[in-house]
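One structure is given below, represented as structure tokens, and several questions about it will come after.
Chain lettering (A, B and C) follows the sequence in which the chains are written, and residue indices restart at 1 in each chain.
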Amino acid sequence: MNTVLRVIMLRIGQALATAAVLASLCFVFVHALPGDLALRVAAARVGDERVTPETADRIRREEGLDRPLIVQYGQWMGNLAQGDLGRSLLSGKPVKQELAYHASFTLQLGLIGWLLSYLIALPLGIMAGFRPGGVVDRITDALAVTLASLPSFLVGIGLITLFALTLRWLPPAGFRTGAHMVLPAFTLALSLVAFSIPVIRNAVVEVRSAFFMTYARVKGLTPAAAFRHHGVRNAAIPVVTYAALQFAFVIDGFVVIETLFNYPGLGELLVKALIARDVPVIMGAGLVIGFAFAVVSLLADLTRLWLDPRGLEEARA
Amino acid sequence: MTEAALTISHLSIHDRSGAALVDDVSLSVPRGGVLTLIGETGSGKSLIAQAVFGLLPAGLSVSGTITIGGHESIPASEPKRLAALWREQIMLIPQEPSAALDPTMRVKRQMALAGLQEEAIKPALAAFDLPGSTADAYPFTLSGGMAQRVLVASALGVGAPIIVADEPTKGLDSDRVTQAIAALKRLSAAGRSLLVITHDRRLAEELPGELAIIRNGRVVEHGPSAGLLSAPQSDYARTWLAADPRHWPRCHRCCDMTSLALSAHGLSFGWPKGGMLFEDLDLHLPKGGVLAISGPSGSGKSTLGDILLGLRRPMAGSVEWGGLDIVAMPSAIPPLRQRYQKLHQDPITAFVPHLTFARQFLALEDVKSGLSAARDLPPLLERLKVNHRLMNRRPCEVSGGEAQRLALARILLLDPVAIVADEPTSRLDPVVQRETMQLLRATVDQQGLGLVLISHDQPLLAAIADEHLALGPRA
Amino acid sequence: MSLVLEPVRARSLPPSVWPLAALAGLALTGPFLAPQDPNAQDLMRVMEAPSIAHLLGTDHVGRDILSRVLAGAPHSLGLAVLCVALASSVGVALGLIAANSGALVRALIMRLADLMLAFPGLLLALLFAGFLGGGIWPMLIGLKLALWPQYARMAEAVATSVLREGHVEAARLAGFPELTILKRHVLPSVLRAVMPLATLGVGQAIMSISALGFLGLGLKPPTPEWGAMINELLPFLAEGFVQMAAPCLMIFVSVLTLTLAGQALASNSTGRAQ
């Protein structure tokens, strides 16, 4: 099973490289910004009006900002390697604590939205794939193109206008009850559905037109049995690959959606940190998102290897 | 005639425009016998097989009836009724065996799904010279020939009395063709009635029973195979049989070895991980001579051709162009480049797909000094029997035979000393192949250039070449 | 014997060209069509419903929505085109270099592309925009960094397969210089493959730019960029439905046009390949 091992190593390497690039990028940004870094940190800690040259100097000494850049870079990466992400400049809380709190919200929203999207897309995509050119196919195609042309915040605004402002069925923003989850989750799901319906539909169409499906029937299988034995697995390969790829889209989606709905997830944390230039939090959120991306890609790779023996055997040969 | 296992009567197939692709064909396969349908690409022969199964592509209209076994006649336009007889009465060995197997499922499970008993699978495979490990393999690890024998084994195991084999030798090299023919004979020996669709003369000659020649959707001639092959009645059958390289007039000549177009000494080549393809090879190509290089697929024929053209470096040895060793002295290549040319296997891809031939010929003026396409091309095209109207077309708009003659014209404009032709006619129909080969031979004789002809088709090489170099099977 | 070049056949333009042309026209002329100064505030007339004076109403500081939507076109559309043009030309150039180079350079470029693709979606653009404080350049650089790898990958894949085709070998044997081969044999196929991707990419870029604007990390106010307008109008959603609908519709219609055109191009080029 050394192929599996190699896939895992590749993804771990990719995650590490991503982390290193991200951390270096943050370091460069922090030091390349115009103005005195110590002053900025001081301003963030005690507020703009109360910053004095003395507090700036104290922070410069405490944080080691007077040392050569290369030493600071080494320290920066070293801390990171030990899992020390520092404290938020804004709240003063450890970054890890902040991340853990917000990540659980995002995970919840992401998972529910993602599952919801496949709950919608799978039946529609399969129905469309069974009758290409039919009514369902044309309707879902129009739906997918429309949704694909709508940024997620527009979908969200539309849902808020309809369900929260006009019908008053659901709360427009917040996170305290289950009802608060409905609109953000649906917004995320609809953004994902736009791309997964065509992928599922095409996978089904392609497998159904594959000659081995016809031949399975010549061999005596009923159409249903042929699809069960030969169709499902082959159609699942591109769908699974794509479902994981969609995590990249989830990230665009949840940053925007969380901000729109005031939902306290990682995306909202990241945007607030970006606006406040809270570097430790930005880097921490970036690392968690990048790492999650690598993990999902790895899971997708492994699932595909399990579904499609070609990958394994080709790599072995 | 004995009772028929399968009768096709008055089968006609029309496309949307109303053109007849198959025109009133009536044939029957005797119980336990063999009927071979033979014809060129586009003759409609595969459509007949598809019609028997009710598997015609959408958009074609069909009339006529199919009678299978003792069942009542079924109109060919009712595919559902034909489908009811699949597996129990009639089985298909399809044209592309690999595409008929689910790529994600092991062979034994697919055979089990076809209805074979678990313990019968390995013996069934062994009967067709397939190792027991085949049962546990995934289809993509099998060669086309092996995949086909898996399907033949399944078909035999399933027990359908009638088996239709569509192009069972397509894409197989000569040894594999022998195996495929043996497999079909075994089916016949097991008492199955066979309908075999092919373009391959060898199959027609080696399978017993009846033979029908199809052209433009009609049966041109039909009768017992041996009689038809030895004494064809129709003109088309005669032309077609004469297109067999074994029936071509021999044209060997003894060449003047003092004036060489190309020679090579002590050539060796191997892939980094795959052992040596050939070692210490010597060859001489005289001007006006044809040197054949043959060998099974993977034996390094094409690689040797590329080495002779200076496109790839050998591991050892020398290649001499007019006395200059281009391996030791790569700087000798550029000035002689245009004089050592190649004719590709797929002539259509040898031209830029989005430009007309006229543009592509005109462009040659940029690289060949003194060339005037307007002056030099028309007589050449006339000699090669190329219609000048083709010049305004794009490569996808001409036939394979036309494209190969255009490719030859392009090469000849560059005034070559030697041409390496890599399977130049393997994708052409027999009659076109004969014309193209005769043209090549005539060009070699008239212009006194050397031709290296790479092919796996032994009879073809025997008919055309002066000398023959056979590369061994891959170690 | 007619070796004369055929007259260039007037190819019928696909119907999706016309909406595209309309979009381009809007991006070029939008600001000049604006009936009023898009930044002129009138605090006496905030969140007004549509009227003759303000066809689409006014926003929370009394600016004319119609003028802002029109004036925003070059920002939202023009930037997206610029961004994709930059990313695709860099990507195609690197892809072609990779396809024509030895194993080392190829591996270097393609691994770099892989690394960039390991960054999820907007993250890079967010970082650049966030750190460098919004504005045009951080956003362009961020989006470009995120986008070039897909063009590089496609260009490399297409170029590598074309370079293996018979006509390239035939051209080499005929003595054509490598640059001519690249231009005449490789580039047309690469561009044909990249065009649909780039068209869809402009639509995606419009969405990304407006998303950044919506997050408050895009172009700086009071620039009338559509995403930023939506951000500003969001608190007043209940009072000003028409005002909000205007920039939303502009984004939707623009992206829809580009998506449909991209799909048409894609099916056109695969259709031709068969």
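Keep in mind that, in the parts below, contacts are C-beta pairs under 8 Å (C-beta built on N, C-alpha and C of every residue); 3 or more make two chains touch, one makes a residue touch a chain.
As the structure is a prediction and not an experimental result, all values here were calculated from the model.
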Next item on the list: Chain touch graph shape: choose line, ring, star, complete or other and state it.
Entry: complete
Next item on the list: Considering only C-beta pairs in contact, identify the chain pair with the most of them.
Entry: A-C
Next item on the list: Calculate how many whole Å lie between the centre of chain A and the centre of chain C, each centre taken as the average of the chain's C-alpha atoms.
Entry: 22
Next item on the list: Averaged over CA atoms, how far is the centre of chain A from the centre of chain B? Could you give it in whole Å?
Entry: 51
Item checked: Euclidean distance of C-alpha centroids - chain B vs chain C, Å -> 47
Next item on the list: Report the residues of chain B in contact with chain C in the complex, numbered from low to high.
Entry: 309, 311, 334, 337-338, 340-342, 344-347, 349-356, 358-359, 361-364, 366-368, 373-374, 377-378, 381, 388-389, 391-392, 407, 410, 414
Next item on the list: Could you pull out which chain A residues touch chain C in their complex?
Entry: 14-15, 17-18, 21-22, 25-26, 29-30, 33, 145-146, 148-154, 157-158, 160-161, 165, 247-249, 251-252, 255-256, 259-260, 270-271, 273-275, 277, 282, 286, 289-290, 293-294, 297
Checklist line | In the complex, chain A residues that touch chain B | finding: 210-212, 214-221, 229-230, 233-234, 237, 307-310, 313-314, 317
Checklist line | Touch list for chain B against partner chain A, complex | finding: 53, 55, 83, 86-88, 91-92, 94, 96, 99-105, 113-115, 138, 140-141, 154, 158
Next item on the list: Write out the stretch or stretches of chain C touching chain B in their complex.
Entry: 1-6, 165-167, 169-176, 180, 184-185, 188-189
